[in-house]
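Look for chain A in each of the two complexes below; its partner is chain B in the first and chain C in the second.
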Partner chain A sequence: MSSGITFDPYASFYSSSSHHLRSSEIRDLMSAGGRGDVISFAGGLPFTESLPAGEVSDAMLQVLKESHAEALQYCETEGRMPLKRALIKVMASEGITAEENHILITTGSQQALDLLARIFIDPSDSIVVEGPTYVGALSAFRAAMPNFTTIPLDHMGMDVDILSRELKNGLKPKFAYVVPNFHNPAGVTMSAPRRKRLIELAEEYDFLIIEDNPYGLLRFDGEPLLPIVALEKTRVVYLGTLSKIVSPGIRIGWVNAPLPIIDRLAILKQSADLCSSSLNQMFAERLISRDLWKKNINNLKPIYKSRKDAMIRSLEKHFPSECRWTNPEGGLFIWVTLPEYLDTTKMLPLAIESGVAFVPGVAFFADGSGANMMRLNFSFPTEPQISEGIMRLGKVVEREISLYHSLGLNNSH
Partner chain B sequence: MKSKIAVLMGGRSLERSVSLKSGRRVAQALRGRGFSVLEIDVNELLVPTLLEQKPDLVYIALHGKYGEDGTIQELLELMGIPFTGPGPLSSIIGFNKILSKELFKRHGIPTPRYYALSAPTFEGMGAAKLLDPIWGKLGPRLVVKPSAQGSALGLSIVSNKSDMASAILSALGYDDKVLIEEFIDGCEIAVSVIGDQDLSVLPPVEIVPESGFFDFDSRYTPGKTEYFVPARLEEKVLKEAERMALEAHKLLGCKDISRVDIIVGKDSVPYVLELNVSPGMTETSLLPIAAEAAGISFGDLVERLVRLALGE
Partner chain C sequence: MSSGITFDPYASFYSSSSHHLRSSEIRDLMSAGGRGDVISFAGGLPFTESLPAGEVSDAMLQVLKESHAEALQYCETEGRMPLKRALIKVMASEGITAEENHILITTGSQQALDLLARIFIDPSDSIVVEGPTYVGALSAFRAAMPNFTTIPLDHMGMDVDILSRELKNGLKPKFAYVVPNFHNPAGVTMSAPRRKRLIELAEEYDFLIIEDNPYGLLRFDGEPLLPIVALEKTRVVYLGTLSKIVSPGIRIGWVNAPLPIIDRLAILKQSADLCSSSLNQMFAERLISRDLWKKNINNLKPIYKSRKDAMIRSLEKHFPSECRWTNPEGGLFIWVTLPEYLDTTKMLPLAIESGVAFVPGVAFFADGSGANMMRLNFSFPTEPQISEGIMRLGKVVEREISLYHSLGLNNSH
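== the complex of A and B ==
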């Protein structure tokens, strides 16, 4: 007697919204990219080795010695007051004024994205994202099943004229999600006039702006621009995080938003995790009060700048002339655009075989475009690795172009 | 005293993560049987480690390049360490779909009609001009895949002539040689062969992917594929498929184990697609399913492969 085996006896219990979760070929190829002999530009890891081990362990010991009972206890869902005060100082360094009760501590910004998706999006609601956009935001929003409108980026950030046209044509988004500083993955920064224009559009067409700013303090070139939330408070939900300026491992992010939104988020956060780790919050308070974040940023900036420069030099040397890339003034990523006919997903196995990894562009688009693009991380690999890795990648791109032409694929264009 | 076994897994292949799953599961089962087990993620320290540890046997849980293509088998033969599964020659032929299909064809084992082309024929000889005539001969639907790659990586089913070149480009990402095969509509089954002189065939496993296509996701996401053991085919057809699997196993000179992937067409002919010398051993892999159906637990299966390799 034959019987069907599916290996997941629980399949009939899963919700339809969890149905899109699956194994992915790219994820497995990436795991091959984790081999020691592969130079990986695929990650988004900050360089945590720059943190001074002694001071970090002092801060943690201090927390446990002085207040272990409190550190091991639950705390308020909104987050601990001393941490909020410390984060107000961090935000002030970028020109943002904020009040404690407008802040909600989250378990990384990723939790904020998940909570925001759930309080704002009903299925088929319109939301606006940049093209490309942060892949973690896409996955958080996708769970709430919105209709995405993708507005392309150029070297000055989201093209607000295109957004304006869409709005004029009847688009009614709940919010626009933007990463204005050193965009992940694109590396570009939204210009000041565009920030202003975005606020005007939000007012005219009545939508909110979610401003995600993990990298703003990692500026190594040029002059800082005021965050959107520093220009307009009532329509902006601002997301901050310690992940890139201190540590992603302590999972501390925050939302700075109008009070009703914070209240709503807090109720939802209660059901998500009651509160973020008290121990980590107190640890973060100490790290910030010792100005360790400032020292860390000052340590990181020259390292990142010099790695970014090394990558740009290598790209100029080893990539075919028809390729384009962004030249970021901060952050962790360079975004490369190859000739339109190429597909970076198809070249990934060849790249890994050649000992170099990247993230294919399609992952960062809500609308399935970006096939000829790739994201390169420069914060983690060393300079010699960068020059070797980009040389390998350049050869892969050239080979792919040659194969492409020899298969007659250019005739169809 | 029980033997000391080194389980080789991971390595440089693109199927690294699947191999790690296979290897860890095998290692756990062997420990459960009282063997002393050494788990080795293959890297440049492999040979020194084997020289130092002197295992009685190597269990090959590697998949893909270097693990299934004869590379590791040649190395172990050279080092005089017994290992599980077929030897170098069977592995070289089995991993190279062009070689094995050519042999199948010559020895009367049905296999889908195909053409093979390599990157240099496109890059230096203008082979793109042949795509039209190939479509004419093998169309209206065909399968494009790299000659040497497992887990359906780089494989596309092409239903429009205009998509052929792009499918070839995908396949060339995995191997310099590509295979363009006629698409056979039918029932996909996997038949495992086990034993030495006394060969036995495990019950054929029928594969019914939810997506209609047994791709990487369908293979490794539990719940995305339904399996039927034995396959829901007529007894006569099953027997013929088993016979072809045995023929393929013997033709390639396989030792101890192989898994033969077959499509039974609407004409009831079992077309052999390929033979695997290091079948997957994950929770959702085909060989363990077949063994289970034959009343052989995972632990028994692994121990049996070890005993066969030790000549016990």
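== the complex of A and C ==
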């Protein structure tokens, strides 16, 4: 949107930090992806049609019948106690023990990232992120102007040996931000030994770990691993959300962290939005106590697995042999690496012209790398859309590769 | 809460700006006011029981029946178009003309204040606020560390002559933040000539006006005045909210502003919480299109008027003659000024002990004044609670006055 504005008469009023704001590629893409003829692998949308309409309505009706005046009123900034108790059950299903007063309800876990950036980061502070990492975390952190250190991922998650070397060389981060399960965008899962090693490093070099776990319960293959916060509490700020297991439309996330951090976040949250929606909190609590989240997870897992499988099959069929991709055991995303000479940002308009959208890799790197990579979402498109879309995308990639080779021959003249 | 923590092992991790955070008096009080035996005039709660449970449930059921998958999904960061169209109708009822793309839906108007602080304020930038002003605006602005200039209010709102003098003397504010209708906390309304004069000053000295109008439609006496934004669009950032006319529990506010400002706010909002609840947006849109907001306003006005009258009568009956108070024509609050030698912050624990709560005046001033003032809310307590509570409070005030005089006599020995 902003890109369309050539002269901004309000430019002199803006804060210097706001000049760092930029419309994200995802954001611009979402509108491109919104075109009816484009099959979009660009979004990060869960498949909300899996939620049973009748049961959802029942739960909501119960809230409004029993306590509409309370549901429509303000509530405590920290969040409603019954919802916190319900979330303790959700966390317990992943092996986490938690207490009510260590929990702050947030307006989606995106708000948690924004609040954490603001309470922890001074301009030029060091923080550690994965390469690639969640684009929403990057933009929340960027607003606080830190120095990013990007630690690469492999198929076992963040490469803790590289992190260890950086720390030995003097890196002093405030925190390391990780998405250990079915990484967004990379699809990989951090191994158990690496989780332990990360904790050891945090202790040795005195930094915090922000563990962002939106997808942990969406494992459709393999065995679950214990979250980092289940192994170590005092150094871990854990982020949960109902967006992927229940609904993003209710904007309910939470932080589970040591008390002093929760206190500080709560004070900032009060000035950020006073409190998260009481109505949505009561609704969420009801959905959880009726075990609708479990039913929904059980509905989603086979759908996501078969969509992921369909996408892998289509990639194998339609993508040139020089390309690689991850094969996630859960979550919403596959990460594709094209030959190094290709640039997915430049490729995107061509792809959209061919009726398919993705997010270019650079969006997910703090250090500007990732030019030959892309994120594909498999949770929202249907299987026919997946095979059609990957076929279209494969053709674009093939064309780009042959174009490169033909140019390469021309150049070698 | 924080006050209970003597040592914080995480202190070294916090950003310097986060050290400016402090638990607001309101916040601490809300928990005190939550005690069953305390009659609280401290909150700012609308009377949500006025909303007809059946019609509310019907509207929600309709949303979930027609489009539950959409309501439970993410939506555009800027907010849903049908809600924007509905809000244009709400604004039109106050004489404002607006267009969809000039509107950004926010998670309550508190989020708008937070986003505005971040896009406009650099540390040490000058901004103008009223004295007193809305405490939530103060905390949102404070996080960006501006230099506040406090312009006093009288019964006709912000004293624009004083502002004019400050501007002549070289003050160069980024913006002036005003609550023109039934001011929170002061209860006063800015006169039409002052609204015009403020616009002239903004043009002459090149600053913006943030017009915060949560209560404008809750006028129970006198004739409505045109909002500032209805007189001048290019310099005014207008904040609206459904919190006081429909429900704060759905967290729906909005900004109406020039396009470049909306664009910038939207980019920041994306990293703050991605989008506001789709469910609540669709619900709100339905409530507005069914005219439930009009019905609710019509329900609320006589209730608020008669509670306000009851509070004024009780103040006249139970408060010493040295005290003064405002007599608002709408809104939720009465502002009380005690003799200058009294300190309402010190008085508060005594009041709570006597079973009544209020917000001390200092909370509402950027410049530390207001020690002898207090804010009383009349929208939430019932009339019997109001007369009992004001009687209790009157006794506390009386006791403090006699204590002062007796100490004064002692001191003069």
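Simple rule for what comes next: the second predicted complex is superposed on the first by the 391 of 413 C-alpha atoms of A that agree within 3 Å, B and C clash if a C-alpha of one lies under 4 Å from a C-alpha of the other, contacts with A are read in each partner's own complex, and residues count from 1 in each chain.
Criterion: a residue touches a chain if its C-beta (ideal position, glycine included) is under 8 Å from a C-beta of that chain, and two chains touch if they have at least 3 such contacts.
Quick caveat, the model's predicted, so the values are computed rather than measured.
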Chain B versus chain C as contact partner of A:D8, first or second or both or neither: both
Partner chain in contact with A:N298 - chain B first, chain C second, else both or neither: neither
Which superposed partner A:G36 touches (first chain B, second chain C, both, neither): first
Which superposed partner A:V56 touches (first chain B, second chain C, both, neither): second
Touched partner set for A:Y404, first chain B, second chain C, both or neither: first
Partner chain(s) touched by A:S93 [first = chain B, second = chain C, both, neither]: neither
Chain B versus chain C as contact partner of A:N147, first or second or both or neither: neither
First (chain B), second (chain C), both or neither touched by A:P349: first
Touch count on chain A, higher of chain B and chain C: C
First, second, both or neither for A:D263, with chain B first and chain C second: second
Intersection of chain A interface sets (partners chain B, chain C): 2, 5, 8, 10, 22-24
Partner chain B, residues of chain A touching it in the complex: 2-8, 10-11, 22-25, 28-29, 31-32, 35-37, 343, 346-350, 352-353, 400, 402-404, 406-409, 412
Of chain C, residues touching chain A in the complex: 1-2, 5, 8-10, 13-18, 21-24, 27, 30, 43, 45-46, 48-49, 51, 53, 56-57, 60-61, 64-65, 68-77, 107-108, 110-111, 113-114, 118-122, 125, 136, 139-140, 142-144, 174-175, 208, 234, 243, 246-251, 258-261, 263-264, 266-268, 270-280, 283
Chain A-facing residues of chain B, complex: 12-18, 43, 119, 122-124, 126-129, 131, 153-154, 162, 165-166, 168-170, 172-174, 206, 208, 215-217, 220-232, 283-284, 289
